[in-house]
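Accompanying notes for the structure given below.
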Amino acid sequence: MASVLLNDAEKTFILHGVEVDLRCDGRRRGDYRPMELETDVVSTASGSARLRLANTDILVGVKTEIDVPYPENPEEGKLEFFVDCSANATPAFEGRGGEDLANEISSRLSRAYQSLPLAPLCIVPKQACWKLYVDILILECGGNFYDAISLAVKAALFNTRVPQVTGSFLDGGSVDLEVSDDPFQCWRLDITKAPVLVTLSKIGDNCVVDPTAEEETCSVASIVVAVLDSGSLTAVIKIGEGSVHEQTLIETIKTAQKIGVELNSSLMTALNQEESLGPKRQRFGFLK
Amino acid sequence: MAHSIRLASERVDFSVPSDKAPPQLFTPGMVISQESGFMRGHGTYGEDDSIKASVAGIVDRVNKLVVIKPLKSRYNGEIGDVVVGRITEVQQKRWKVDTNARLDATLFLYSVNLPGGELRRRSVEDEQMMRKYLTEGDLISAEVQNINSDGSLSLHTRSLKNIKYGKLGQGMLIKVFPSLIKRQKTHFHNLPCGASIILGNNGFIWISPVINAEEEHGGFTINLEDAVPKSVREVMVRLRNSINALAASKILLFDTSIQYAYDQSKKYSVVELLNPEVMLDVAVMTQHQLQMLE
Amino acid sequence: MPSDSKRITGPETTIPYHYYLSDFSRKPDFKDPKVGERKNGRLPNEHRPVFLKTGVNSQAKGSAYLEYENTKVICSVFDPREIPNKNEFSPMGELYCEFKFAPFSCIKRRGHIRDAEEKELSFSLRRALEPAVCRHEFPNFQVDIYVYILDSDGSDLAAAITCASLALADASVPMYDLVTAVSVGICRHLQFVDPTNEEEQLCKKTASAESIDPQAVITLTYMSTLEQVSEFTISGTIGVCHLEDKIPALIKHCNAIYPLLQQCLIKNVKKSLGKKKYS
């Protein structure tokens, strides 16, 4: 991850701050920084969202295309994640610099998203299905990638509209797909089974949510927990080079689960609120 | 406030209303003057007898010299400036310091006060001990001693009477645009709210607990054992968030404006100061108070 | 491994015939008591027998072979070398881990180029080993660890981690502690410690999208002396309440494997000492 250079005194200051539950920007250990969300920002994508969490800026676009199902799952669609750590965010990502991080995030995301039912994406079993390409662009990095990305992805999937397609068998077994002429005849994904990720960084003996880039450099181990609306977990990932004690692990997962449920509900509130503004609401994008 | 997800429609515009008419702005390639007899300064180039801007900004004329000052730039040092910088490299007899300028500044071994008196000779041992004094990542406050021909700065940390340059201990660094720092007689302030602040001309601001003047000058040992008490920490954090609020609304930073912003912020909790609306309110109120002063 | 464009990777569109077996797509019927019964009469919390051997590759600095019945893993560790393509000084040494399935090790043939799953498992392997290695002792150098799954029958990651830790120890790479890893598969009320491939499939297959029953495979890596968890992954859906008793249970299993690694290493030393006596 793009690391920040800090000296021991600054690290000590951050560490003590976490200890007394007053972090460097005034937050308590369990507080998030204010986020800003907008969906439907890219007209050519089937669904899109932009999330800004302090300095972290994530743009997600979802494309729907038709593909042939995997032979092992003939009645399911496909879902694939691509993360692009563009050099826009930091020169450290230039060339292949961001590749490792991008691969890591996309593989972790697809693991966490295994809970999303893909059966609705099937058009004709064994013959045709929808493939959702979820492309994630990191525009600016200010720490806490996983949380920001997962929120943006969930919002983009909420915003995704899949066209109505009917498939029928022709003579000889080939398949004929017919896309509805009405561009508004679409259906939307059920995202109750889409998780959000909550990162808890261990700094000293305590864990903080939503670490800033500075706090991330002070932490040797972080636990990322993928939480569903229902509170079930779909993935637990350890990042960083350190290790944790068994008791800490359990405690951390419990805290993360609680936060994840809250985060899910506030995300849904925000999305519904935006939805209620109607389809003709003003798009802000990067302006203003 | 555990977490809040806002919509883009609620986005806050940070600009603060001002009575002053905006100055004329130039963009690269725009003709500034077609008369001859002017001297081309920074941010301009000459073509076909006319002077054109090469950066976006406002024009500044000093006698015959025409300069375009960019709205946003890296730090252009001037001799005597107080800067806060971070050591990026240890080299032969010198340190490289990131000061937000185009090139890293240099701090020569002979420009620092070493432990054991000012007039001490720099020995080979000192050279080998350089990493012990200052290492990569350390923060220092220093004064610009000289500007080299390539535009890079030379710093020194020899302390004068009551100003203490040198290695910085526990505290927080904020980065703002260098142009937001108002040039003043002193850039070291012990604010009445109970924190100490160094406003580096290069846009790096250092907030720390009040420095005890009796401490040894030019020390390189940092106390990592003692935790900053929570009450002091709260003041520092509030100060940080107030400064960020001012910086977001592009209000000049100096001791008075910071103190005003700090007082204005008192009606909110520290965490609330991260909210854009609150930040704008603090900035507007501070601006108002500053105008009253004029 | 640099991908070799001249190498014939074989047709990619082939499908293993197993997918056409009638058993393959059948959903498990959980009312049937036979579902969840393990082969060879294994108990739900019984680990398969473990076979360990070090020094299987004479040219590597250290190597190990591990077998859990049909899961067979081989791992080689090579001498530290300078980190390639890196200019700045890194105070900590690095571990380069490569996790690879042999092309014939799974039901579906694996390609020669690492796919996404293998890359992800490589990450996990690295995360699991990093806390255990004294990386500050070889700054600016990297140790290469290559894990090859020869035959895959479930618990691949856990087997790979344990095997790699043994290979690191065999290579005399300085370590704080040995690491051991164990997986557990959970499917509704059933649990399988050290699951086989079949059991893993049962736990991964989302039987019905609406079900809120736990279905997951959990892998935990533990350093027994330091009492630290160095890697923990879950894939599947599970409630927090299930984790609370699974984590201590997994640690118990890790602790049980730990002495086997120790014995294996001690035996090696004794053997080489013994040889010296007579030569």
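So that you can tell them apart, the chains are marked A, B and C in the order they are listed, and the count of residues begins at 1 in each.
We adopt the following convention: a residue touches a chain if its C-beta (ideal position, glycine included) is under 8 Å from a C-beta of that chain, and two chains touch if they have at least 3 such contacts.
As the structure is a computational prediction, the values presented were derived from the model and not from experiment.
If subunit B is removed from consideration, the chains that remain stay connected by touching as one piece.
Of all chain pairs, the one linked by the most C-beta contacts is A-B. The innermost chain, defined by the distance from its C-alpha mean to the mean of all protein C-alpha atoms, is A. One finds 52 Å separating the Cα centroids of subunit B and subunit C. If you average the Cα atoms of subunit A and of subunit C, the two centres end up 27 Å apart. The distance from the centre of subunit A to the centre of subunit B, with each centre set as the mean of the Cα atoms, comes to 36 Å. Residue positions of subunit A with contacts to 2 or more other chains are absent.
Against subunit B, the residues of subunit A that register as touching in their complex are 5-10, 12-13, 16-17, 19-20, 22-28, 30-38, 50, 151, 210, 259, 262-263, 266-267, 269-270, 273-274, 277, 281-285, 288.
Only residues 71-72, 74, 103-104, 106-108, 110-111, 114-115, 117, 119, 193, 221, 223, 228, 230-239, 241-246, 249-250, 253-254, 257 of subunit A touch subunit C when the two sit together in their complex. Of all the residues in subunit B, the ones that touch subunit A in their complex are 1-11, 13, 86, 88, 135-139, 168-173, 222, 224, 227-228, 230, 233-234, 237-238, 240-241, 269-271, 273-276.
Of all residues in subunit C, those touching subunit A in their complex are 15, 19, 24-25, 92, 108, 116-117, 119-120, 123, 127, 130-132, 135, 204, 206, 209, 212, 214, 223, 226-240, 243-244, 247-248, 251.
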